[in-house]
Amino acid sequence: MVEATWGWNLHKEIPSSKDAAHEVIEHLLRAASDAGWEGRDFFHIQMAIEEALVNAVTHGNKESPDKVVELEFKVTAETVFMRIKDQGAGFCPDKLPDPRDDDHLECTNGRGVMLIREMMTQVQYNDIGNEVIMVKQRKKG
Amino acid sequence: MVEATWGWNLHKEIPSSKDAAHEVIEHLLRAASDAGWEGRDFFHIQMAIEEALVNAVTHGNKESPDKVVELEFKVTAETVFMRIKDQGAGFCPDKLPDPRDDDHLECTNGRGVMLIREMMTQVQYNDIGNEVIMVKQRKKG
Amino acid sequence: MIDRRRMVVARIGELAIVRFTDKKIVDSANIEEMGDEMFSLVDKEHIKHVLLNFHGVEFLSSAALNKLILMDKKIKAVGGILRICELTEDILQVFIITRLNRVFDIRKTEAEGLKAFGASS
Amino acid sequence: MIDRRRMVVARIGELAIVRFTDKKIVDSANIEEMGDEMFSLVDKEHIKHVLLNFHGVEFLSSAALNKLILMDKKIKAVGGILRICELTEDILQVFIITRLNRVFDIRKTEAEGLKAFGASS
């Protein structure tokens, strides 16, 4: 059974606050660390979850007390799977300006989604843009 | 004296909430209406102040209770001047993707700044992007 | 009966005709309610087609446009059609400036909107 | 004495050396405080040049990068220079991925940073 290979799972809803986000991020990171993730890969997981969850809470749910963020995490020694869904209006992740363009270098926003894409093995937004699935696969060798 | 031509002035700070924003918008619109603004020009003023002030409160100050938005309005029969400054990190208004591009048409964000630009006679952001000056000049004739 | 505060809904089978209660639809607490009430037509009440009648709405901001786009996506996802009618001249101009008149099927009157659905009131 | 919670500052005339107290600089309440404390060096304490020493900082998110860019603009506006030192390998990689290594003058050690300012500790 494929399911049996997933070591640590979490599926829950959290309120739309940065504090709640950072609390659950700590749980995830502890689980990842327990599963043997470290070094740059660990750093990348931390960056991706930080950026995606803060986006869900702020841009998506606009920190509304009436909205929740749905989370699904699965952690093994080989793979970290993170699904984050907010109740906001979404956005167009493919249409963002590239923050690495010379003209954008000094912009004070717009790097989160790019960093997620650079640091994860696989990133998939849904049609509307209010859900993202991020997967980090351990490098072979 | 040039100053004497300004009929209604307001210079104040408001808290970073949408409610406070909409309250002051009502004041401005009443003053504009009293000064004889109506029809499409009035609609355009309403759109510009709504978009700019909501941006200042949400994107700029992120609705922080510790931050304020500084407002300066000057209304005469000929001109409406609006200056809005938030205490956020700013952004790059010239680098936004054009929401009118075919690929962006169904995006659920990113139309506010474009609408302001289309509807005002003059729009000027400061270097950092946390202050905007918008002017509407009555059409001649 | 469903308790709605931001809109009044008339149902004809799978078609809903929606009228808004606010004169201004802007980015305030109300707009979330407006969005939620609109989306629940599709998500919970199994409505497939919607005619939004903006009679009496004098102003809307980009936040309202975003809700309409999301509604359009929801309706398309269930194979339905969203139509819009009774826009003021000023609001119609907003749809033209944003080119959203290419996304939405905009009709002048409710009767014309209904006719496009093959229904009548 | 100025009460600072997110950083420790050593002053050498118009130059300030800043060390951060948090191991992680992320988009939380602390980051606003961090930004405000950093900006007040320029806005209120008439510091012109700043060396940010990231010793002990293990993680920072894009929200922190945004604060650094704003700080850089503030310092440039008063004719000063911002330099950065003691980044971990992982954080340095973030500067490289974002190409912000082209915006900031990044030095390996505090001594090298100070030397670039023509100062020594």
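Observations on the model:
For clarity, chains are labelled A, B, C and D in written order, and residue numbers in each chain start from 1.
The rule we apply is simple: contacts are C-beta pairs under 8 Å (C-beta built on N, C-alpha and C of every residue); 3 or more make two chains touch, one makes a residue touch a chain.
All figures in this text were calculated on a predicted structure; none of them were measured in a lab.
The interface with the greater count of contacting C-beta pairs, when B-C is set against B-D, is B-C.
Here the spacing of chain A and chain D, counted between their Cα centres, is 26 Å. Taking the mean of the C-alpha atoms as each chain's centre, chain A and chain B sit 34 Å apart. Of all residues in chain B, those that touch two or more other chains are 58, 89-90, 106-109, 128. In chain C, the positions touching at least two other chains are 66, 69-70, 73. The touch graph of the protein chains shown belongs to none of the named shapes.
Taken together, the chains touch in the following pairs: A-B, A-C, A-D, B-C, B-D.
Every residue of chain C that touches chain B in the complex is listed here, in rising order: 26-29, 59, 61-63, 65-66, 69-70, 72-73, 89-90, 93-94, 97-100, 102-103.
On chain B, the positions that touch chain D within their shared complex are 64, 66, 89-90, 127-128.
Interface residues of chain D, counted against chain B in their complex, comprise 32, 35, 66-67, 69-70, 73. By the touch criterion stated above, chain A contacts chain D in their complex at residues 18-19, 22, 39-40, 43, 46-47, 50-51, 54, 58, 99-100, 105-109, 111-112, 114-115, 118-119. By the touch rule above, chain A contacts chain B in their complex via residues 58, 62-63, 89-92, 94-97, 101, 103-104, 106-110, 128-129.
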